[in-house]
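Labels run A, B, C and D following the written order; every chain starts at residue 1.
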Amino acid sequence: MAELWRPIRKILREPLGALGLFLVVLVIFGAIFADLLTSFDPTRINPRDRFQGPSAAHLMGTDQLGRDLFARVLHGGRIALFVALVSTAASLVIGIVLGLIAGYGPRWLDNLMILLFDAMKSFPTVMLALALVTIMGPSLTAVMVVVILVTVPGYARIIRTQTIALKNSEYVTAAQSMGANPARILRVHILPNVIGPLVILASMDIPVVIGIEAGMSFLGLGVRPPTPSWGSMLNDGFTSIRDTAWIAIAGGIPIILTTLGFTFLGETLRDVFDPRLKGR
Amino acid sequence: MSDDPILTVRDVQVSFPVGGLRKRDAILGVAGVSFDVRRGETFALVGESGSGKTTLARAVNGLQAISNGEITFEGQRIDGLDRKSMKPVRKRMSMMFQDPVGSLSPRMTVGDLVTEPFRIHGIEGRNLRDEAARLLSLVGLPTDFVSRFPHQLSGGQARRVGVARAIALDPALIIADEPTAGLDVSVQGEVLNLLNDLRERLGLAMMIITHNLHVVHHVADRTAVMYLGRFVEAGDTEEVFGAPRHPYTAALLSANPEPDPDKTHDRITLPAEVPSLLARPPGCEFHTRCPWAQPACSAKAPTPTQEGTRAVACHFPLEPGARPPTQSESAA
Amino acid sequence: MTTLAIDGLNVTFSTEDGPLHALKNVSFDVPENRIVGIVGESGCGKSTLINAILGLLADNGSIDSGSILFQGRDDLTKLGPAQMRDLRGPKISTVFQDPMGALNPVISVGQQMINIQYRSDISKQEKAQRAVDMLELVRIPDARAALARYPHQFSGGMKQRIAIAMALMMEPALLIADEPTTALDATLEVTTIELLKDLQQQIGCSVLFISHHLGVIAELCDDVVVMYAGEVVERGTVRQIFNDPRHPYTARLLECDPARQSERTRSLPTIPGEIPDLRARPRGCIFANRCHRVHDACAAPPPDHDVGDGHVARCFVANVPETVEATA
Amino acid sequence: MLTYFFKRLGLAAVIVSVAMFILFCMIYLIPGDPASVALGPRATEEMRASLREAMGLNQPVPVQFWNFYSSAWMGDLGTEVLSGRPVLTVVLEQLPYTLALIAGGITWSVALGIPLGCWAAVSRGSWADRIVGILSVAVIAVPSFVIAIYALLIFAVQLRWLPAIGAGEPGDLGDQLTHLILPSLAVGLGWVGYIARMVRASMLEVLEASHIRTARAFGLPDRMITYRYALSIAILPTVTLLGVGIGQMLSSAVFAEIVFARPGVGKLVYDAILTRNFPVVSGTVLVTTVLFVLLNLLADLIIGALDPRVRSSF
């Protein structure tokens, strides 16, 4: 338990880290206990209560279909966190594997993979998302595929660069001279030394992923209605922004708080555990 | 020590491709080198940066493919072996690398580091904890060091861990690349004494690669001097140091200032800089910097000539105590 | 007149684990027109000393007490940043260890040499000419063309010679050379040292030369200061130090140099033990834990013992030369 | 320098080719029929078949790719479904609006980011440094479309300081610039943060370098050290970063164009998706990709011009 407690104490010592941790815990708490925190069904249409401003009954008001915005915000958090965690984890695994192969494999394979990564990265994110959604149709899966396609090349490149640097380090050469096979070298000597910084960098990408999900849902290319998503709420609010600004505010505030929370937490994590990465 | 060679190197060349798309251009990092290392002896390779000494050591250890020549270790050809066939050889030949701390995997404990050879070679039936303790005591480190990490060690301690790892599998040959690099003078001696001691106790042969001539003098039985990837002079250490026959050896020896203020230095100053491997000078490759160079030197490359235990690659080998002819002019 | 007089200098760094006493009561002089060598192993405080002289100590370092008197007038520990800056360059200049990193990679060598002369009123052509003259002095071939080139186009030895040219261009009163030859090969090292000695005589400046290489110190320097764990344990002329060392550390250090062993030996002398943790300095002699001549008195701080002619050793037994006392 | 240029240009062409291959794979190999996508659910099987024929979907896949690839290099990206105009023409009509938006974003980010980062590095550890640090992290974190909507809400809807929609009267430069302020701020604000952080970090790194210590040891004035010795090196990663950033700004521009109802390639492709105007989607993706690769190339060339080490290594 003390092992777990020490890093948390270190984070709490930094004001920004404490704020970030608080926001992140708040969002996760809201998503997990959404059903306990509100009695409204986020998808239930209630034409009589359309466009109601914030009140004691509806903490954040209602939207154009009379759905309770607070309930939608809480349930939207589930979608956002699910996409962020699952696709980031998948990207990490894929990126690490590809990066290790590119960095430690033969030169031609490395060159080929670098070319593929660079080509993938040369699509502007939204353009890639638009092209994919045109084919696959809007869905949560499409969002996750976009996230993976967008983030994997970057992770793989980082791992590759580090692997190449370590491949020529004296301790890896020493392991080779002792007769260690590539699998052992990757597992024992390279992976433990490259994975830490990448996990921190990936944790700092969580807000970016949340932004992609919200952005795609905002464009109507992500989560299908009536599933609540912060992005689609923002779109609902944007449509009627001149008259009922609270809908846009209700959709935007959770995005801002969540991305800020994860960013502040990630920054602090990095500064505390791996100061060398600063400024990346 | 016996005359029976444990390692035989013949005409070994190592080439590196240069240039981007046209891969035909290549430079020779090692340009045809032959030597033996005998059982139980210490053989030293001496040279300045870029002389190819580290490349040669890596080639012997199979970390660097050779483009020509033969390497025989304990009666077996080992050049060109793939990783699997090379693996048994690696039990018998271990290598130590320059950076004492940097050659230790940063996230492994000392205990794991020194016993890694056992795990790599799947040697069962030994209690690795006991082995770690045995190895650490062999190199004079307290056994409670097993749980330390490399960054918690001083340079000298890290070097000892490297030595312990190198002797773990009772090899017949240890290749040590700059074993005293990065160590303070007061610690250098400890490491050299340890290597000497272990060599005698375990009957090892050693190949030491270094730029530090004073170190060589005390530890090596035989010495070879490298310049631009070739041996310019090789022979018994005492003889080479007592009366260098090649001008480069002489210059190298005189370039080592001795810690004695009363010593008068009549130094052989080498004009010009080391030529690039991309543009090797014609004839004798040392003639651009040699104070004794004559017209013949730039015309034809010298072939190494054997005199007793010594081989010299020079058209005009030096007589003992020779002074450069026109030193003041050539230095200007 | 002494160029540099350091007296009772104490420097402390604040670290996470408490204050680190990096320099303790450091005193020595750099007389006019002489080359003073500072010799010591890693952790002896050489770099801290240079940074303290130059006023470039890291933010967590501070000078607690002592004085660094330059040319008998300015106490460098009391000068403000602007006054310090006016001294650096024209009066005190420096050559650093790393020839690769010492020059700015994106500014041409000529421009860097002209920038250094920014205080001077002469025309740009004259400044360029001055740069050419200096480059010729350090034997850079084709000096005028070299002005337009960038540092990466020179070899390591040439870069270090350019750095020396830059350092001596303003004819400083004091040149600080921080291991200027350590990164160079042996043959380049000796030519660089000889060059440095020539130029010092031409310009007539004092030199503070830092090195861990005893042979280089013996050859180049007039006076020697031996440092250990942030203290000056012994100082004197080069002959006093090398021929008649009075501090046990100096004696052992000289013994350890394999070049000192004229007889070929398979068992080289060493100094067992480690430098003590500078965050918890012992009250008594700093070398006591590794000293073969240690006795009860060493638990108290040892005096700076003057054994004659300016030869000083911080040791209780300095007046008893270490003759043939058997030392394992 | 010329060889360097041609090498980089060749590499850019290869990357674009690979990108086209990936795009082709996505369009034609992912389950789903482009013809049915284009025609929508109410189309008859006959209509689908004829469109498939017209699109060349009945030919073998390598032939399809070659047709796609070769005609794309010739500038033929297909024709728009509704009007029958060439897709390239349609895209190029909209491109200037997007480029103006991105140029505006770069202007914001450079004009604010570099001085802020420099200031933070020089006054390291001060309150100014901390505030700049927190603010840059904050603006990086928040997605640009959220910034766009809130900017619209605050400055256009509530305060009515700036126009909400459109790109301004054609020919009236002042009006166009006024219309550019909010959208380009939304595009560039995050990059103010990125650049400020990057400049700060690389400034601090350079200021630690030993050649800066040498410069200090020569007593050079602080201004000269900061700007001529340090910033000239610290700026280099920023140029690379901006090259990469243009891709993300293109993404942000799509949102900005939709939120502020501006013409541009983002609006074009978004509308094309809603109307299933398939060739326009793939054509726009391709054009923006080429644009991104070319701007990256430009960034590399700028680095080559600024850094003698890069210049002479080619």
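Worth a mention:
One rule holds in what follows: a contact is a pair of C-beta atoms (placed from the backbone, for glycine too) under 8 Å apart; a residue touches a chain by one contact, two chains touch by 3 or more.
Owing to the predicted nature of the structure, the values given are computational and were not obtained by experimental measurement.
Think of each touching pair as a link: the shortest run of links from chain A to chain D has 1 of them.
Considering the contact criterion stated above, the chains in touch with chain A and with chain C alike are B, D.
Centroids built from CA atoms put chain B at 52 Å from chain A. In terms of their C-alpha centroids, the spacing between chain B and chain C amounts to 31 Å. Judged by the touch criterion defined above, the protein chains form a single closed ring in which each chain touches exactly two others.
Across the whole structure, chains are in contact as follows: A-B, A-D, B-C, C-D.
The touching residues of chain B, when paired with chain C in their complex, are 48-49, 154-155, 184-190, 192-193, 196, 211-215, 217-219, 238, 251-252, 254-263, 265, 267, 269-270, 273-274. By the touch criterion given at the top, residues 54, 56, 85-90, 93-94, 96, 98, 101-108, 115-116, 118, 150, 152-153, 163, 166-167 of chain C touch chain D in their complex.
Those residues of chain A that touch chain D in the shared complex are 16, 115-116, 118-128, 130-137, 207, 210-211, 214-215, 218-219, 221, 234, 237-238, 241-242, 245, 248-249, 252, 255-256, 259-260, 262-264, 267, 278-280. On the side of chain C, the complex with chain B involves touching residues 41-42, 155, 157-158, 185-191, 193-194, 212-219, 238-239, 242-243, 252-254, 256-261, 264-272, 274. Contact residues on chain D toward chain A in their complex (touch as defined above): 14-16, 18-19, 21-23, 26-27, 30, 32, 34, 37, 134, 137-138, 140-143, 145-146, 149-150, 152-153, 157-158, 197-198, 200-202, 204-205, 244, 247-248, 250-251, 254-255, 258-259, 266, 269-270, 273, 278, 281-282, 284-285, 288-289, 292-293, 296.
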